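Both of the next two complexes hold chain A, though its partner changes from chain B to chain C.
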Partner chain A sequence: MIDVPTALALLQYGDSAYPAGGFAFSWGIEGLIADGLLDGRQDLDDFVWEQLSSRWNSMDRPLMARAYRAGDITALAAVDRTIEGATPSRPMREGSRRAGRALLGVSARNGGALSLSYRAVLADDTCGGHLPVAQAVVYRDAGLELPSAELVSGWTMVNGLVSAAVRLGSVGHLEAQRCLETARSGLAELLAEPVAADAEPWSFTPLIDIAVSRVRCRATRLFTT
Partner chain B sequence: MEDARPQLDLVFARRLDRTILERRIFRWPFVLTRTFALERTPPCLLSVFLQTSSGAVHGEDDLRQRLHIRGGAAAYVTTQGASPVHRATPGQTSKESVGIRIEDDGHLEYVPEPRILFPGAALDQTIEVDCAPGGFALAADVFTIHDPAGEGRRFRSLRATTILRRGGDAPLLVDRVDIRGLGRGRTAAFAAFGSVYVLAPDGAAALMADVAAMLPGIPGLYGATSELPGDGTGFSVRLAGYDLRSVRTAVALTWSLSRQSRFGCKPSARGKDDAWSTKSDEDQLGGGSAVDDALARGGADARASS
Partner chain C sequence: MIEAGKTSATATAARLPAARVGIGGPVGSGKTALVERLIPALAARGVDLAVITNDLVTAEDAERIRRSGLIDPARVSAVEAGACPHTVIREDPTLNIEAADELERRFPGVELILLESGGDNLASTFSRDLTDFWMFVIDVGGGGDIPRKRGPGVVRCDLLVINKTDLAPHVGVDLELMHAQALAVRDGRPVLLTNCRSGEGIDAVVAMLESQVLFRA
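Showing the complex of A and B:
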């Protein structure tokens, strides 16, 4: 059972207003809409579930857990390299690094000890700073236990996808709340099953991967990914 | 005691102006008949059509292949036809692994026909490519699903891992899927999925741009290219098709453009059916192959958008 201080921390870190630049990333939602593959609430529900079940739960979550358990900076950097090498799409890699470094930057400026140390290492490492590693570092600095860190990681992803769809006019504000309710139960279902510490990361989000990779084909866009 | 040796073990080597099979070991279920020197350009390129006597992957199969391309050798390796992956009994998984090593100045185009996952199929597939920095590799991997009864029954599992190395210990890429179905919604409306991985000693960026420009010309295809991690000498092509033909056409197009980029000449007709071949497509598309058709459409689209 989550205690009140933890619940309040989750509300703070899971808030879309948390100043880590999450609003700049649509993680494929913008591309799917532009390519006619996302139109309305049912599509959004489906893509949010696909991203949750076939990427976040199978890749981001186990790698964030691995980074959370890392004993030192070298082990953290190894997780970063694993993520870099498990992501064929360059725009996806770049988006993950930008989002991760932004999150790490906020925590470091607020005095997070581990965030400060890892951020210093990243000054000389152009391939590191992926979002799951940054989340592990920042949530450890925030004093969150791993289950809470997983919860806020999953929820910020859901919130980012739905929020992007609202800003792109694919769903209205009330529909977005229904999407969030659906995603909430999906996320709860996934979190109820722990992920093995040695789980090999995988993903199968082909349309999302393609939509993100086609980002340079688009003349105008609102989001980084 | 289980025999861990690969059932197919081929070593390609250069002898004067030809590529030969320096090692040619195969046993059941693989069958290797003669090899072919089909190309005028490059004349050294050897074409190999792999066959299996079973014609399919079965539940109890544990198939292992090893391909080694020595410096100066050039090979095109494909399979005779698409391979059904049949039902595996519960608790059993069909296994297939392909280990590829390419030395500096070696050249390999590994373009097997697609896998067809039948109801109840469970496949664990690994393709591992170790390509020296001066070598060239193109590796394709495509799957589709099919229920002969038309009842929408699903495969049981697909675990497919592609590992790319550019020499050295650390992999450049570990691309893995581990699925029990095709998901739902829009994704489930697609019938075929594939990836092509290209590692080139030079010219990767220009080749990738050519492939990206042509993908929109293929009807029924959603696809994109992207640079692989690392030093910028590789890229991947991600493909989803409403039918298998569109994905096969995209693979053939990537293969054709790669050959042109490397040797200045498109591959000649293979003699195999539909998108892979330039011959039979002439009948279907009125004078041009599916690849040529896509090239023309993509080129026109690219010009229109520039």
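Showing the complex of A and C:
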């Protein structure tokens, strides 16, 4: 069971109002809607589950765990380099770095010790600062255990996706709550299964990857990804 | 487990951070036009500049400034607002702060960063964590009664700019009255009039930035 202080920390870090710029990322939703490939609640449920099961759980989560367990800054940087090398889409890489660096920046400005030292390293490293690594660093600074860190990581992703879909008019505010409920049970199922420490990261979300990669081709867009 | 170590030499190298100046205001009031007037005027005074735009839907303003020939295009950054123009300058300005830090890192001598908000409503205000000074641009064409509506943007900004003074006779606005009412709702805090089409009034805005932001005599 999660104790009350931890639960309250989860509410703070998992809140969509946590100021790390998450509202500017749609991770493919904007592109899919523009191309007529995502419309309504069922599509959004499917999209969120694809992100959760075929990217977050198999790629972001094990890499965040690896970064969380990293023994030193060099090991952290190695995880960053793995993500950089394993993410072929440039807009996806840049999005992950921008989101990660923003999160790290908030924690560092509020005095998070590890966030401060890793952020200083990133001043000279243009390839690092990916979101899973930043989450590991920031949630360690926040005193969260790994399972709690994984929970916040999964939840902030789900919350961000559904809120982007609301702003893009794909679902209404009530439908959005039902999407969140569906996503919650999916996330709970995934979290119940711990990730092996030596898990090899993989992802397979081809349609989403293409949607994110096409972001630069669009004359009008509201979101970074 | 990792211990927080010393920060790297480059990150701590002594360097004065740039002043960050926000420019907010309703859609079409002339924020970009003001930026286009301020760039050459500040450059002529030797101020090392960079610009961030928060375009709402397109990168149009960023591109317009990059192509203007007034400034090195690399010194213009665009930050997307995810359909939330005031979140990105107030509740969650982190992406703008990161963009400003990045400009400072790439251009170590930069003294002033102008940050244009996406067009918004009269309630939009900048976070003090993001900007050192912010102006709010309204225009005569929006109506002479805008100051009287006491929007937080109009009341709380450091400098209220009333732009498009040239339009006053065409839209039936009594400019003197509008100016006086603006000063009244702001308890006498600064209000300047500009015509960004002709450049009239820009010198006064620059003088204010020099004294209030750059602390030049």
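Methods note: the second predicted complex is superposed on the first by the 225 of 225 C-alpha atoms of A that agree within 3 Å, B and C clash if a C-alpha of one lies under 4 Å from a C-alpha of the other, contacts with A are read in each partner's own complex, and residues count from 1 in each chain.
As a working rule, a residue touches a chain if its C-beta (ideal position, glycine included) is under 8 Å from a C-beta of that chain, and two chains touch if they have at least 3 such contacts.
Since the model is a prediction, treat every value here as computed from it, not as a measurement.
Of the two partner chains placed by the overlay, neither chain B nor chain C lies in contact with A:P132.
Using the contact criterion defined above for the overlaid structures, shared-chain residue A:P206 touches chain B, although it does not reach chain C.
Of the two partner chains, chain B is the only one that A:F47 touches; chain C does not reach it.
Looking at the shared chain after the overlay, A:A123 reaches chain C, while chain B stays out of its contact range. By the document's definition of touching, neither partner reaches A:G28: not chain B, not chain C.
In the superposition on chain A, A:T224 makes contact with chain C only, while chain B stays out of contact range. When the two structures are aligned on the shared chain, A:L37 is found in touch with chain B, with no touch to chain C.
By the touch criterion defined above, A:A86 reaches chain B but does not reach chain C.
Chain B makes touch with chain A in their complex at residues 159, 170-179, 183-187, 190, 193, 195, 212, 222-229, 236, 238, 240. Those residues of chain A that touch chain B in the shared complex are 32, 35, 37-38, 42-43, 45-47, 49-50, 53-54, 58, 81-82, 84-91, 93, 127, 200-207, 209-211, 213-214, 217. Chain contact summary for the complex, chain C toward chain A: residues 1-2, 4-8, 10-12, 56-58, 79-84, 87-88, 91-95, 97-98, 101, 105.
Within the complex formed with chain C, the chain A residues making contact are 17, 19-26, 70-73, 76, 98, 101-102, 105-106, 113-114, 116-117, 119-121, 123-124, 164, 167-168, 219-224.
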